[in-house]
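In the two complexes that follow, subunit A is the common piece, with subunit B as its partner first and subunit C second.
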Partner chain A sequence: MTAAANWEAGRRERAKTMLGAYPDRRSAIMPLLYLASLEYGHVTEQAMTDVAELVGVTPAQVQSVASFYTMFKREEVGKYLVSVCTSISCHLLGGDAVIDAVEDATGVERGRTGDDGTFSVERAECIGACGGAPAVQVNYETVEGLTPDKAKALVKWLADSQPEVVLADEMQQLFGGVRSFDWGPLESEGPVAAVPAFGPFGSAKEGR
Partner chain B sequence: MPDTVSININGVAHDVEAGQRLIVAAESVGEVIPRFCHHDKLEPVGKCRMCLVEVEGPRGKVLMPSCTLLVSDGMVVDTESAVVKKAQEGVLEFLLINHPLDCPICDKGGECPLQDQTMQWGPGESRFVEAKRNFEKPIPVSDVVLLDRERCVLCDRCVRAADDIAGDPLLTFIDRGNHVQIQTFPNEPFSSYFSGNTVQLCPVGALTSVDYRFKARPWDLGHTRSVSFVDTVHSSVDAQTSRGKLVRVYGIENDRVNEGWLSDKDRFIFSAVHSPDRVTAPLVRGDDGFEEASWSDAMALVASRLGGYLGGEVGAIGGANNTNEEAYTLAKFMRSVVGSSNLDAQLGDGLNPHLAATVTPRATIDDLDRAATIFVWGPDLKETLPVLYLRVRKAVRNGATLVVASPAGTGLDAIAAHVVRYRAGSGSDVLRKFASGDKGYEGAREALDAGPVVGLVGRSSLAEDPMMAEAAAGVVRSLPDSKLLTLLTRANIYGALDMGLAPNLLPGRVSTADDEHAEMLEDAWGHLPRGTGRSTTQMLEDLASGAMRAMVLVGADPVRDCPDPGLAQRALEAAEFVVAFDAFVTDSSIHADVILPAAVWGEVSGTATNLEGRVQEVNASVRPAGQARSLNAALDDIAHLMGVDLRAAKVADVTREIAAVAPAYAGITPDHLTFESDGDGVIVPLEGEQPLKFIPVEVSVPVVTSRLTLHFPDALYDDGVWNRNAPTIAGLARQAEARLHPRDASMLPVHEGDIVSIEERFVMPVTLDDTVPVGSIVVPRNVVGTKGLTASTSVKVEAVEGGA
Partner chain C sequence: MTDRILTVRMEAHPSDSHTIDRYVKTGGYKALRKALKKMKPEAVAAEVNASNIRGRGGAGFPMGVKWGFLGAAEPRYLVVNCDESEPGTFNDRQLVERDPHQLLEGIAISSYALGISRAFIYVRGEYARGARRLQRAIDEAKEAGYLGEDILSSGFSLDVTIHLGGGAYICGEETALLNSLEGRRGEPRLKPPFPAIAGLYAKPTIVNNVESISNVPWITLNGGLAYADIGPDRSAGTKMLSISGHINKPGNHEIVMGMTWRELIYDIGGGIRDGNELKAWIPGGASSPWFVPDKHLDTRVELDEVGANGSMIGAGAVVVMDETTNVVAAAHSIVRFFAHESCGQCTPCREGTSWMEDILARIMDGRGRPEDIDLLMDVSDNISPGLSWPPAMTTICPLGPSATAPVASIVRYFRDEIEAMMPNKEAANA
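This part shows the complex of A and B:
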């Protein structure tokens, strides 16, 4: 096991736990990809090669998995990843205007990351907050009931106060409108590794 | 008799084999269901939905993919209903949404399942007006395969072939939805020995081969069924020609041999047939080197020179790259005309001819499918017999236990249940421990007790004593339910041995010691020297010392291929007269006095025998280059000049003569062989026992004790003359490297990438490899930079100062 030899010690340990948790090592590809992206900032070629070696498959097979899921970021992501939902409910209630407003306020086109590395903007498929549409996520923390103006204010607040940790409740209070229900993971995790499903391995705690 | 179930297709009842997929069962009764992703030799995935049919179920008729559905008793199927028709049109319309429809410039046009099935089942019109996907085109996925992604219909065939069949999962889907595409990992090309199979499998023109791109149209191609001469598996091939040239080789599904698969060497080596470096006219050594001569002058010279020696002063080396008919004619010419038993198709690189030709009980390739345990003691199958490697992989996938013994890591290790590693030179020690189930070997030994066992035994490398294979064969034979295949690798070497091109064999697997048969053969041939002749190594020694005087070289390159290249060089230089039948001027034939241009694979017809003893047809698909001729025709003429009628001018006459005088080939008729009748060839002998039964016994081979023993394995892409002359794969030739265990490396001391010298002459970089046992070194044979290295049991290795 040479691949991840240079990973930070805690992550190496966690990789070992993950590999041991599945009867088939290959099943650990996805949680390991999160770990590797914490190590490298995003899913780099090296990250995929490391995971391949840990699991015992080819890098091409890891790439196949990594490229399927949009939450594995294969390019550098800004400090704040703003994901604007434009699926049906949000679309009907003005999601497109919200994303235009976010682009405007950040100066970053959807699918891109700003040059200064503060913002990435993307279009998301339904994020499960249809009751509070239109909805937006910042580093996978959800804010519901936004308007274009509130979205702009949210972006301004992020840019000015540069919070280290983004929390759904706080943003909802400051900028949100209708809320569908209490939502989301208890802890917040930065742009690449908010992984409620993998909480037991602690990957969701990293990034603080 | 397998169980059958009764199903109803389009109102007609059929009894079909149980346990099959519906699409296969339907085809077996003549109902062809269209498909893209389904392929008989790949696991079903149900990806393309082209095979939808209506099947009656508890809730009425439903559309189901017939490629994933198993037949069951009473199943009622409709493949032609309006609903099915609509589904087929829908699927095709969707598949064509992003397809560029560039058939006029696509290599697949004319033999494209997408084109054909669209014509037969498609809607005829598209409603798609939006922009299609665009990709950079083509991108190379390997040195020999190109990919045009926009043509791909995402059927997953190439991915499954790379992963399940070849074991090289380097080609995968990436991205999602509208962006899905086939890709490799950056800087990790699909460099598989089997990559060419994906080109043949791809149901569209997405994967194409570098050497066929834009070369020909399918409807202009000539087709000839033959067998590949790259190794002794003799994979069935369709040699395809355009305007008198070979342009493509495709695999043919011969389920007893290659199941349709080919190695890239099988597939791409044909271009060497049309190499500009072919010898196309007889060459006679004059004062300033070779000069072209007429066939009649050259043959007259050969006849008069060969006629001037005593039989025993002349020897012949080679014949393994020829057909059985050519090999037989050579054996007959040497024995009955020249009067010499000095004949050897092996170059000191093989096995005891008796073991190779007549080992009993001999397995067939498809016995691997029935084996509970497969035991490999020999060369790395992936490098030397790649299609046999695929057959072993398949057997293991289906549950066989694999035990592999070798002096360094092999391609099979990853799927082996037990790997027995021995230090080169100490095989007999380990074999003994292993056979008696000593500590550390209990598991592997236990696996052997579960029969049926198929043992694949050969020489792990030229540096290994050939008796090791015999010892391993002896162990396999001692198991109650076991069969054996020996692993010689060169082209038609088994045919050559069967035709008597060995110092101790007469045609038809008869020992030279069998007087009764020798008498019969003498009657048929008119003359036959008795007793055993000299082997290649003995001939080379005797030539070098002057005890022998003349040499006939037949497509053999001993300076490259025999264990002691220096000896071969000295022998050929010392010989008074050397005639070479060769297609190229090689490191050996360059020493000849006369080179007669030889017709080669693709240009000659006849028969050939593979490693299981299967005789198949070999068919010419192009005319010989220049004035090249087949060996039997040339020898027939030379014999005439020497006053003997060999009756070998016509191949068919020779085939008949073989059936009459070679016991193991008794009763073989053209009917057994023509691909029209059965297609898969026949195992000889057709009836009865082997004329000669070779029973390997336990032999002991002295253990070599020295600091660094040599393992000298063959590589698939070597620096041999054929590889060098096939542009598609020439660039893939392996480079010299010295693989060492890290512990030995640290003693020299050298690091990864440092330069070492071997025997003070050969310099190469070091690769650290902990599959190499401590105390040995692995150097690939006959690759760029190891030409001339002697296959001794141990070598001197030194670090080269400042070499890195």
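This part shows the complex of A and C:
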């Protein structure tokens, strides 16, 4: 009987599927860490212990993995994680001013989470949106062609409307500009937390 | 002569190029049918070899040769590298979001050719949208019988699994990627053994980039020789270049190599924003040494010629910088990236990248020291002795040497600008 037995039922099922999805159970550590982030809000000590028990390795081995990757958040993360790219193309087109604007609008310094838990702000390394620089991600959904003012408006909109599901297309239509390429049809799926919105994790939900 | 292969469908059908209906209506999965019904696996591999396609992920290694190294032990794996994270690069993102079935068909044909029944697509965690599109495409393809058990009643079966990364550039290095896929820290492995002999779970594994594999359906349908006929001899086929920075038409442009950089930047890219002067450009992503107009504008966009000129096309990211660019700040942004993404295994990279980041930061802040330019070059030389091209390495993988590219470039071409940022000596003495 592991602590993961207390996870929400759907997540227990997903965990089982993940463990069976690879030739070696250890490969499930990363997807399970995303799943555990949804269960606990971030990768807590308990989350790592649960994953270790599920996989059959030690908690230290899971920690060695969790600590390597920037997307496994081992401290509390806000409802909206705003990741501002300042790698070369975004740097050249004003990404540094965008992150200043986001700090200003959220009142949260990069690398931190605000006291009310609404926003976390971080500097991101290249998010693959260079043709639409400067770009940001909110819960790993991309908005391209921002300016400092539009970034501030995006933050205000998130704070005011508090969407349960973050939709890239909605943010892009409201606040975005130049895109790296034509994104094609609008999508109605997005993340429910600061975990990439991907079906197998149960982190993707239909939005408005 | 064909001048575009990968982006034809998405441009003609922007509203639904990612769906199986549109894919099949525009000739999709015909190549897979041809391979399974009419060709032996080795005949498919022979076409890929004859195409002369060189890996599109950065190293430019001939794909057919790589396939030829695959060991005989069972099981064998195909791993598709969609960890695209090189600053400046976003072509794989477009390929998986806009034409995922093209990639899946390439995966199915490649797996058949290589005797593989298990494939993984390693998608960087920040590409959740692309991962969703790919997952839907996998489900559609299974439903239609193009993936899964006994594909098109041929007896060939293939299972494809998406593995989401965790935000680590280094996982684009193929052995780091394999460690990550095994549920470990994304630290590159010492080679040999190469993945083709001992890769995923120590079994024979082929790791290919998204763009490389996306070309396989066309090659299968039209023949390797037809592909080899496109473009210059040693740069066969088309290449998707991601153009960004101070350029009028940023975006992915699928081109036939062989044109000059002048044509690429001014014709394809529409020239420099605001009519400004071109100052420098990065020809192949953050890892590549910079080019400058005086020396390189009329050289050709071609793998070996760029290599002979001391840089690389890499994964195809062209970052354009105009006259307003502060080159020290630009180099600092790139070096900070590498310092952040260093896995920490090798001392020259772990320590050297952070040192260079600190030195560049103090020069930007007006706190540079007289010896700093020499110090930058000394640190660079310790990571990549001689600063030659291709770079010599004191490290397991090329990440550390990559971080020296922007530093050596600004010292080589813009030394006067760095010196101008140093505090005025007399003022300091006063």
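Assume the second predicted complex is superposed on the first by the 179 of 208 C-alpha atoms of A that agree within 3 Å, B and C clash if a C-alpha of one lies under 4 Å from a C-alpha of the other, contacts with A are read in each partner's own complex, and residues count from 1 in each chain.
The rule we apply is simple: contacts are C-beta pairs under 8 Å (C-beta built on N, C-alpha and C of every residue); 3 or more make two chains touch, one makes a residue touch a chain.
Bear in mind the structure is a predicted one, so any value in this text is a computation, not a measurement.
Applying the stated contact rule after C-alpha superposition, one finds that A:M18 touches neither subunit B nor subunit C. Judged by the touch definition given at the top, the superposed model places A:V102 against neither subunit B nor subunit C.
Looking at the shared chain after the overlay, A:M48 reaches subunit B, while subunit C stays out of its contact range. More subunit A residues lie in contact with C than with the other chain of the pair subunit B and subunit C. In the superposed pair of complexes, A:Q63 makes contact with subunit B only, with no contact to subunit C.
Counting contacts as defined above, subunit A residues 64, 68-70 meet subunit B in one complex and subunit C in the other.
On the side of subunit B, the complex with subunit A involves touching residues 169-176, 183-188. Of all residues in subunit A, only 21-24, 26-31, 33-34, 55, 64-65, 68-72, 86-89, 91-93, 124-133, 137, 140-142, 168, 178, 180-185, 187, 189, 191, 196-201, 204 touch subunit C in the complex they form.
Every residue of subunit C that touches subunit A in the complex is listed here, in rising order: 10, 14-18, 75, 84-90, 92-94, 97-98, 118, 124-129, 131-132, 135, 161-169, 180-186, 201, 242-246, 250-252, 282, 286, 317, 319, 321, 325, 329-330, 333-334, 337, 340-341, 343.
Those residues of subunit A whose C-beta lies close enough to touch subunit B in the complex are 45, 48-49, 57-61, 63-64, 67-70.
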